[in-house]
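Each chain gets a letter, A, B, C and D, in the order it is written, and its residues are counted from 1.
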């Protein structure tokens, strides 16, 4: 069976696993105070061109969104996000569970624009009764988005400028950041992100790690961020598990390197799909491919390959998602193509 | 430097790590739906003598307490716990963050008694204004406790009976359960715990795993427990990481086996301490030893060994904690003894 | 200055005030256990044709929505509501503050349809990942809506049927219920509402009381509802203040009687506006009138009358709201008409 | 039947009621923006000797504690309070419902000491693991306490000094403040309280109003306090109801005047009780009297008088509470005395 269901179906990249094995019996202090965490933070600061950044390691994506957002918001504030954003739809109300509203913005292929956010903010402050409403307290974007799309540097700069104007933190969910940074279609670097956001995270779970996300505050983390991590049950006793993995991922450019594999295999697959006349839901420049399949063809393909149902397209067609990853082999892609 | 600071300073037991390595590149579905999670659950059900139990895997102890307690309580209820309980003191207000009060009970060496709980409950329901108060909605105990002490089967039965009488869930925090089950001083088995509680967890983080706790509901988990796990940011994408580890820990009695090492090394150390005339804060039958050290002697010892400050005893003495674990070697204990 | 800004700009109806004065020095028990609360509940049960209903008195509308909704929802559930609903927009995130998401539905003139709700529910349960999403746990409607519109009996029956099918409570926000019940355009009675909903409230603040809303559970209130009221700071020590007022409002049909005054004065005003050629944003059958005014005319009118800015219509026009109430005098309406 | 059960069993003081009647049909803007609220705030600022104070009106005591405390705390903080404090015991977990822990301090007759608070704070910051614990974020006291006792000016100054040292807000719950300010045994004035606390409230519900508490921030209210009031369902549409009452209470020293009546009647009762040989649980200098009654005598008295059960004293005795108020008549006290 071919596996294109998601980008987290294997364990860890072998170089990451190797370091876990090598360090396994070292005795280290807990809660992220060990030397590997320190080293990983230092490497990430360097990669971001941001020597003063505060870096923390958390375990998963929803957890990271929940901890960061609820730590940055004041209690009368909500978070602006695309209506299709992960926090809007697929985190079981995690943000609301912490007492905050997700304020949905219109999106285009998963992206929000500075224009749409500006309009929301202007309308809000013009409303005479806005003190009876949820204050917009930060902006959340994902990059790549849930549709695999990417912000351009100009778009990020516009969002960043708007946030600065309104004194709002801009938070970037980088669950798949590794795949966004190496896309041939991007002009955005890690340093750009560090320059333009107040907080972002570098996804590990989907890019070579067993688990783990690295939260970066290019400026300063909120006071007592560690206590808030603990309060939300997100502080790992064996913090080493995260530090060792991220230290490996940020050694010899591994994080970028393995990102490229996902992009290259996705490009091959996209090209083949296009040549065979398949239609795409949208043009995604990263590792997720959204294809419109005729229903019977989809069912036949399901006998040999695993992929994700995305949504109904029309009576006879369905949108499905193929995802490649750091671990996808060219042979697998070729085998999939041969079945199409 | 000798390391007796805690029981989570190494990585994973080698048999656990071996299985992670062997399965690393297998493609598996996410969120705990893989075959290793299923197999681990089955092994745990068997070990508990509880074929119908619902089993879930979470990442850490505070997270597990927070998710389970907030899922079991109604919103007008709080949780009864020892004033020294982990949830009372050392989880940064995690339970309160979910909206629930921890109702502190008096303790003896970290344990609460059915008598004290019964008195609380009777007083509560006799109070004419109890509808203006937090309803006691469940009972939390840790076993071993934060002081390394253990409930007897009779004590557990009394607590269980009381809970049944008041229709309260009894939840047992087993962060160090492995060390409690193999203590020579216990008459409590895993099957007893499954029989006497509504929910408990089998700690992995401190007993041989990189991370992970197995929550067992001998009866039935709360409806939509998975959604609540997700809502609290506690659902691991690569759930396999937990399933594979627990499957290894519950193969060939490994969990019990490695627990014994901690107990045996602790026994050697306790015996030596007693022979050398050291005083103990209390008699702990598991892997944590609380010793009263003269301050200067403590300082000298600190140059060669790492251990935990516990609390001030008097002007000239301090209580410190030595912890052994599944990974403690006899040589290390002997070297520590030679320094005492 | 003429006052048409809202329906809560006076104190209490004189018959309500009279009863407060007459009973002022009676010594009564607290927290809603007095005889006037009991009598008011009984009168309301009778008016609803619902002798078994549980009735509670709360102080204000947002409070009532917050207390009722958070008491009915399970923690993994959210509430379906019109995107324009009071809880969606104008309660400062009160529902989210209690941990629950407001799930916005499309609306027509402030109303949601059973069709739109059904589509949401079907899509939700068809989604394979719905366990990662907020469960729709109840349906909230306002009647009259924020646009002064009314559900027909048929529409309510359809919503009620859908809720029954999905085992969801249907909750009706009746902040202005008195004005809805006596509209010439309605076929919905108080008994219909009691028959078709799981909970609703009869607004007092906007219909003749100094403050107060009567929550009716035609079936049974959630267990320990009083404790949850207290927990949210909504339990009045002098509960009599609410009981005495509602007892007065439900004596000799006063609540309906004073509702009619608002409707009659609104009808006169609407007729005059139409005759003078003004355009309406929508046809509202209750006490709120939404008129499109040319901006300069609006400014001139503002010198003599107070009314609400609603929203910008186009460059040269603004939507404003005129509200009548139980207290509006015909002379006031005529004077306003003379200014138009 | 004689009524000494509590201090909120009547409606409003006649002068307060008179103003409600006189202003009843005036058309006023909502949400506390009317001229009576403004005037009441101004009068309160004057009475506090605090011309810059921010003043807000809320409806009840638990609500006020909940709104103020949750607005002042950061999310990783809890509130220090006497174990017997209203927020600790009798508010149904209202503080925890907003996500914050009440950190219980030992008390003497309902009072906490700067010494006990200092010890808590020192121990906390000395604890190496305090980042895993709830940060003490403010201090809550009630004055008079739940036992009717009063802080001396010196005690308040010590608490205030401690709070300043640790940058903690000091919040004073003045549900019965009127009775505390006029006790012959106090040296604390309203101006002292304004000088020594960060926030306090002047209780209306128990001192002459139908409902209402005036929150005073001698410095500055938290940013967007109004929005947080709304968010907790505590913003009254007809804010006038509170403004008019407090304007009356702070006209011609009425608030102090009516406080004196409670104290004087309590003094008469206490003197008679002492002369007749009754024992007191403690010496309370305000309007609450805690008496130890022999059980059969208590039962006989219950046939003619209503008073509060407080707690069991021993097998044959019970502690009961008699409360006087602004409304207690001398004749009533004399009649009660004749029954003793």
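In the analysis below, contacts are C-beta pairs under 8 Å (C-beta built on N, C-alpha and C of every residue); 3 or more make two chains touch, one makes a residue touch a chain.
Because the structure is predicted, anything quoted here is derived from the model rather than measured.
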Set of chains adjacent to chain C and to chain D: A, B
Most distant chain from chain C by Cα centroid: B
Centroid spacing, where centroids are CA-atom means, of chain B and chain C in whole angstrom: 50
Computed distance of Cα centres, chain D from chain B, in Å: 42
Inter-centroid spacing, chain B versus chain A (mean Cα positions, whole Å): 33
Shared interface positions of chain D, touching two or more other chains: 75-76, 91-93, 97, 99, 131-133, 227-228, 230-231, 235
Overall pattern in which the protein chains touch one another (line/ring/star/complete/other): complete
In the complex, chain D residues that touch chain B: 75-76, 78, 89-93, 96-102, 104, 128-129, 131-134, 309
Partner chain C, residues of chain D touching it in the complex: 3, 5-6, 8-12, 14, 17, 20-21, 23-30, 59-67, 91-94, 97, 205-206, 210-211, 227-228, 230-238, 240-241, 327
For the chain B and chain C complex, residues of the former touching the latter: 70-71, 74-76, 99, 131-133, 135, 223-224, 226-228, 230-231, 235
